[in-house]
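Next, two complexes with subunit A in common: one pairs it with subunit B, the other with subunit C.
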Partner chain A sequence: MRLEKCWFCSSTVYPGHGIQFVRNDAKIFRFCRSKCHKNFKMKRNPRKVKWTKAFRRLHGKDMTQDSTFEFERKRNRPERYDRNVTMETLKAIKKIDKIRVAREARHHKMRMKGKKGIEQKAAERELEQGISLVKAPLALREESSLTLSKIKVKVSQPQAEYQMEE
Partner chain B sequence: MAAFVASKWSKVGPPLLDNLRSSRLLEPFGKFQDIASPGWNGLLFQQLRTFIQMRTKLKVVDNSGAKWVRCIQALKGRKGARLGDTIIASVQEAQPRGKVKKGEVVYGVVVRAAMQRGRCDGSEIRFDDNAVVLVNKQGEPIGTRIFGPVPHELRRKKHLKILTLAEHIA
Partner chain C sequence: MGGKCPHRKVKKRRFSNKRARRSNFLLKGNDLVFDELKKLTEGEQMKPLPLNEDLPGMGQFYCAHCDRYFADEEVRGEHYRSKRHKKRVKEMNGPSPHRQLDAELAAGMGMPDNGPKLMTMSLSPSLSLPS
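What follows is the complex of A and B.
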């Protein structure tokens, strides 16, 4: 029994799932579900479709180089069964999985590092541009109660320039 | 969050407000981006693959001499033949000095079918085209070579000779 990878989205294809397409040159395309199969039939490139693993790897969304991926590699030579080795492997799987998850979390954290500042700036910008939708600019300017007292002090200098312009 | 930004913004002052009104007010609504519709065309034009039935043309992928055959009878199944089934066909096109001639009625095993077929584990398999290997009435292949991939399901159908001759087994 072998767990194959979906050609389109790179997820694991478990036995009895999905469909496989055999091209005339005997290249086998395995798909995990009809969604991936349909996308293949539509001749979409998995590198350009955002939800696939290929896209995420290409655009630095996911961790790409890591020693934990080495364990999942496809090996063509079958391992001779040894009870002790199997026992140890089963134990190691849990440990390796834990490490991988932690590293992925760290990668995600690093990736999201500057996001808060960017969001803050975008929100500020939006408010600056759209305040007129909340309150008419004329009303804002005329009514002194709407503006903070702190501003009144600051206003003096630019106001002089404003008058001069007129 | 919004309140915090608002307090920050209010420090800017009225002159900026004037600028806002004059220049930036209408800008966000100015551009309208055209949202391209996703390509559904590929799905709509997908041909529905079906059984190998009477008048289906099949490619012959052995060196028996025939190039194309036309199915005239599926030996099993009410709707038609599928991957691995045996059919009766008439030779449509043949090479000059082959073992079979044009117009001959032959038996053949469907080794590739564009319609998907369930496998023993529940998954499915489909091929690029409809292809056939000519056999005699006893089920032994007429040719001595077979081209392209063949499915391993032929083993269950007891076409071991075809499997041994095949280049690839999918």
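What follows is the complex of A and C.
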């Protein structure tokens, strides 16, 4: 039993699932579901469709180079059955899977490293620009204690920039 | 050529013109066009196009990038100047189109393992003997 990969989204196609298209030059295109098949018929490029593995690989969303990728591969030469080897392989699969999951988690963590700071900064800027929506400008002028701390930050940054320019 | 409809009761209508003509306008896949262009750039020689009276212009005016036939030189020239053609040229000059192998690599599989090369043991002695 061979588990094939979907041409479009690279997910696993189990026996009895999906659909396959055989082009008139005998090339086989396998699809895991009608979504992928339709996208193929629309001549979409999987590298440009965000939810495919090909896109995610190309844009650094997933791990690209890892030693755990060397284990799963298409073996075109049949191997003689050996009970011991099979048992060892089954044991190894679990271990390798654990390692890969951990590495993927680490990769994701590294990728999301600066995200919180960026989000915080964006929120601050939004608040700064839209403060008039929260509090009327007149009220702010009368009672400056409401936004004092924020104004402090706002003023200090341009000052630093001016000094740099001078 | 397709176009045969053997199940039709009426003898006259057994031949479907639509289906017969369809194959003329079917485009090749991106990967095929890419390979063909690669061959052209390496080999630097294009085979003379076969005469085909079903194709526009007897199949003599061909655009390899877009896999299309044109009626004459002038129309093809017009096509070469079109935006669609230029877009296509740019696409075909870029990286190789997506294939099954790319899909498998993206899924986290390694390169396919074809095992040790066959016939290497038997070939090498025979090659070494004459020398």
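Here is the rule we go by: the second predicted complex is superposed on the first by the 142 of 166 C-alpha atoms of A that agree within 3 Å, B and C clash if a C-alpha of one lies under 4 Å from a C-alpha of the other, contacts with A are read in each partner's own complex, and residues count from 1 in each chain.
Convention: a residue touches a chain if its C-beta (ideal position, glycine included) is under 8 Å from a C-beta of that chain, and two chains touch if they have at least 3 such contacts.
Source: prediction; values computed, not measured.
Residue contacts after overlaying the shared chain place A:R23 against subunit B and subunit C alike. In the superposed model, A:S11 makes contact with subunit C only, not with subunit B. Residue contacts after overlaying the shared chain place A:F71 against subunit C, while subunit B stays out of touching range. When the two structures are aligned on the shared chain, A:W51 is found in touch with neither subunit B nor subunit C. In the superposition on chain A, subunit A positions 23, 25, 28 are in contact with subunit B in one complex as well as with subunit C in the other. Of all the residues in subunit C, the ones that touch subunit A in their complex are 29, 32, 97-98, 100, 102-116.
Per the touch definition, subunit A reaches subunit C in the complex via residues 5-12, 23, 25, 27-30, 45-47, 52-54, 56-57, 68-77, 100. Interface residues of subunit A facing subunit B in the complex, by the touch rule stated above, are 13, 15-26, 28, 38, 41-43, 120, 123-124, 127-132, 137-138, 140-141, 147-148, 150-151, 154-155, 158-159, 161-162.
The touching residues of subunit B, counted against subunit A in their complex, run 1-2, 5-6, 8-15, 17-18, 20-21, 24-25, 27-28, 39, 42-43, 46, 112, 116, 121-129, 148-149, 151, 167-168, 170.
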